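Presented below are the structures under discussion, each in the form of structure tokens.
Shared between the two complexes below is subunit A, which pairs with subunit B and subunit C, respectively.
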Partner chain A sequence: MGVNDVKPTRSELIELKKKIKLSQGGHKLLKMKRDGLILEFFEILSKAKDVRTELDAVYEKATEKIGIAESVEGRIVVKSTAFALKDTPQIMIESHSIMGVVVPKIESSSVHKPINKRGYGILGTSAYIDEAADAYELMVEKIILAAEIETTIKRLLDDIEKTKRRVNALEFKVIPELQEAMKFITLRLDEMERENTFRLKRIKKS
Partner chain B sequence: MRLLQKIRRKSRSAQNRGSSNYAYATARVRAMKSNLLPIDTYPRLMNMGINEITRFIQETQYKQEVDELAREYTGVDLIEHALSTNLANTFSKIIRFTEGELCYLVTEYLRNYDIWNIKTLLRGKYYNAPVDEIKESIVSAGQLNYSFLAGLADMDSYTDVIEGLKNTPYYTVLKEFDGTNLSDIENMLDQMYYSGLFHAIGGLGVSDRRLLSTFIRSEIDIKNIRTLFRLKKYTIEDEEEIPQLILAGGLELKMDDIEKMIPLSTEEFGQALEKYSYWKAISNVVGSDMDSLIALETELTKYSIRSATKFSHAHPLSIAPIMDYIVSKRNEVSNLRIIIRGKASNLNEEVIRNQLVI
Partner chain C sequence: MEIAVVGNSEFVTGFRLAGMKKVFAVDDSNKLNSTVTNVFEDSDVGILVMHNDDFNKLPETMRGTLSESVEPTLVTLGGAAESSNLRDKIKQSVGVDLWK
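Showing the complex of A and B:
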């Protein structure tokens, strides 16, 4: 809002004062929200780091287990055994709010199965296959957890950025402009007051 | 179990199998065994890269299969398919040149490949896997030939596959498949394999019967030990399910012993095994902190292969040299696959070396 657009009236001054008060209140709240989101972000960040480290370790283990299974049993056997598993993991996505930011909550079921529920016969298979399947099931669980945490982090970061822009806009643009406009109106009203007094004195003198 | 007993009764007990050609068959098998890669090949292969190993395999008895399959596959997949095709061709050749009772026994022993292929067909159809992928997984080393199995793979559904197997002994088990009990059917097929083998052994002459029976029963013991360790690791305690997963007829581990072992913890089970001969092979890897059963599986496989070799030297003019060749050939294919797949999967050299049975 440029100073030139401001009407130097008392009602405008009252309106501006209200706006400044509202903006300052909003600025304080947004600052609190930003700080809260940053705290939340750092808390989740450490969790995300742990999950990533775990996921890397699980991935490495799963790669080794499938490597051993494929080398000892053969890829042909691993592939054929994999055909026996028809059920895919069920994933349910819900949402919840962290300080107004909607983040996902991912629940999964039928990821980890006992060996007698995997579809393949126990007598014709081996521990190589069991352990490769175990490692991959664990990896899927970790991927789901990492997806939940990393999406939350992404959403929080987006919102922190948005809130930061709003806080900065209020702090460095909106509130100073309003204050400038208020200052201008006050000066103009004072000037008008002085002009009026002077005019009255001139009239009285003549 | 009732179903298996029925199968046992129905199988071909009174068949006249004709006279066996032991002398000829064992001589041929010995010649074939001389073509197997010498033991010192494996350490050399361990020092080679994948391309060098591929080249090496191309220059051995696997050349024909590598050349034939080179249009369809490349790299490690080509080698693995060439190895399994060569294994299938070799075992089919043994079935062809053996006669009479010997042929019958070898065929019965190699039925596990038929069972494997049937499982693959059922799994593939159950999963709706592409026909090509199902065909790729067929290893026709048993009695059922590749074109018959490939024809089954071309069928639309698992019910058609089962109908296609109507004239085989497996139909009695397969007709029980209702689309939800695949693992039960697989276990029943494996039970059927061993009961069929025992039935075949039952009709043999005294020395051969004892020989093969010892070999198979030891294999059953090893399988039961593996199964029990797996069930304990995954804490499967279903009283109805466990007996279906135990194979009867073990050499040292009798059913009564196994029944006592079922409720034991892994540690107690390990202690209970101390009085059996298998303990020597697994004592280093069995303990209370067994996170993985891979070391145990490997040690039991090594034990099984070594005892098969020993048993063949003790009885030169019998089925033993043929069984020894089958086991040795399977081991050679397995060792080559372990090295090449292990290297392709970037497995640690120590891990690859531990899996090899040399």
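Showing the complex of A and C:
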């Protein structure tokens, strides 16, 4: 709202005062929300870093294990064993809210299975394949954890950015413009009053 | 919901061994894009797992959409791709590089 758009009337002045008060209240609240979100973010950030490091380590180990299994047993055997598995890990995505940001909570059916529940014959396969399957099951668990935490971080960051924009827009654009408009109206009203007094004086004189 | 894995046959075998069914072996890099798009549109997929190198082969817009997406969530393995993704996002949103 530019200064030129406002009508210099008393009702407009009252309206503006109300708007400024509202904007300042909103600004304060949003600022608190931003700070709260950043605090939450910091808490999750360290978790995310840990999970990422763990995941990288587990991935390296799992690739190593499957490499060994493939070189000992042959790629075809590993593949055919893999096709014999019947239980697929299922995940459930629930959501909960952190300061109004909806973040997912991922739960999974048990990924890590005992050796006799996997679905392939124990006698026909070697321990290398078991180890590889073990390592990959562990990795899937970590992946699920990483997915939850990283999604939470993404959502929090989105909201932090949005809130920051709002706070800045209110602080540097909306509130100053409203205040400027208010100042303009006050000055104009004063000016009109002076004009009026002067006019009355002139009329009285003549 | 399920976890989907897209990558070359070497990368995906291990995931089959962990019991996953939505495993897509793509050895031809031309088909990578269409496979990923199909998985992305599958409403039964909650998490998409990819290798960092395969992820980098995707077009820029696709990468953007995938890393912003929440359902399915992308998890890349091998290398520092995900952390750099998040790192850029953190830099953009908070203004400081906090991922160190």
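Please note the rule applied: the second predicted complex is superposed on the first by the 205 of 206 C-alpha atoms of A that agree within 3 Å, B and C clash if a C-alpha of one lies under 4 Å from a C-alpha of the other, contacts with A are read in each partner's own complex, and residues count from 1 in each chain.
Here, a contact is a pair of C-beta atoms (placed from the backbone, for glycine too) under 8 Å apart; a residue touches a chain by one contact, two chains touch by 3 or more.
Keep in mind the model is a prediction, meaning the values are calculated, not measured.
Student: So which one touches more of the residues on subunit A, subunit B or subunit C?
Tutor: Between subunit B and subunit C, C touches the greater number of residues in subunit A.
Student: When the two structures are overlaid on chain A, which partner does A:114 contact: first (subunit B), second (subunit C), both, or neither?
Tutor: Only subunit B; A:114 stays clear of subunit C.
Student: Kindly classify A:127 by the partners it touches after superposition: subunit B alone (first), subunit C alone (second), both, or neither?
Tutor: A:127: touches subunit B, not subunit C.
Student: Can A:83 be said to touch subunit B (first), subunit C (second), both, or neither?
Tutor: both
Student: Answer with first, second, both or neither: which of subunit B and subunit C does A:64 touch in the superposed model?
Tutor: First partner only.
Student: Identify the overlap between the subunit B-contacting and the subunit C-contacting residues of subunit A.
Tutor: 63, 66, 70, 75, 79, 81, 83, 85-86, 118-119
Student: Residue numbers of subunit C touching subunit A in their complex, please.
Tutor: Touching subunit A: residues 1-3, 13-21, 46-47, 49, 68, 70-71, 73, 75, 77-78, 82-83, 86, 89-90, 92-94, 98-99 of subunit C.
Student: Across the complex, what residues on subunit A touch subunit B?
Tutor: 63-64, 66-68, 70-72, 74-77, 79-81, 83-86, 114-124, 126-128, 130-131
Student: What residues on subunit B touch subunit A, complex-wise?
Tutor: 77, 80-81, 84, 115-116, 119-120, 123-124, 126-127, 129, 133-134, 136-137, 139, 182-187, 189-191, 223, 226-227, 229-231, 233-234, 236, 238, 241, 245, 247, 292-294, 296-298, 334, 337-342, 345-347, 351-352, 355
Student: Would you pull the subunit A residues touching subunit C in the complex into a rising list?
Tutor: These residues of subunit A touch subunit C: 38, 41-42, 45, 48-49, 52, 55-56, 59, 62-63, 66, 70, 75, 78-79, 81-83, 85-93, 104, 106, 111, 113, 118-119, 129, 132-133, 135-137, 139-140, 143-144, 146-147, 150-151, 153-155, 157-158, 160-161, 164.
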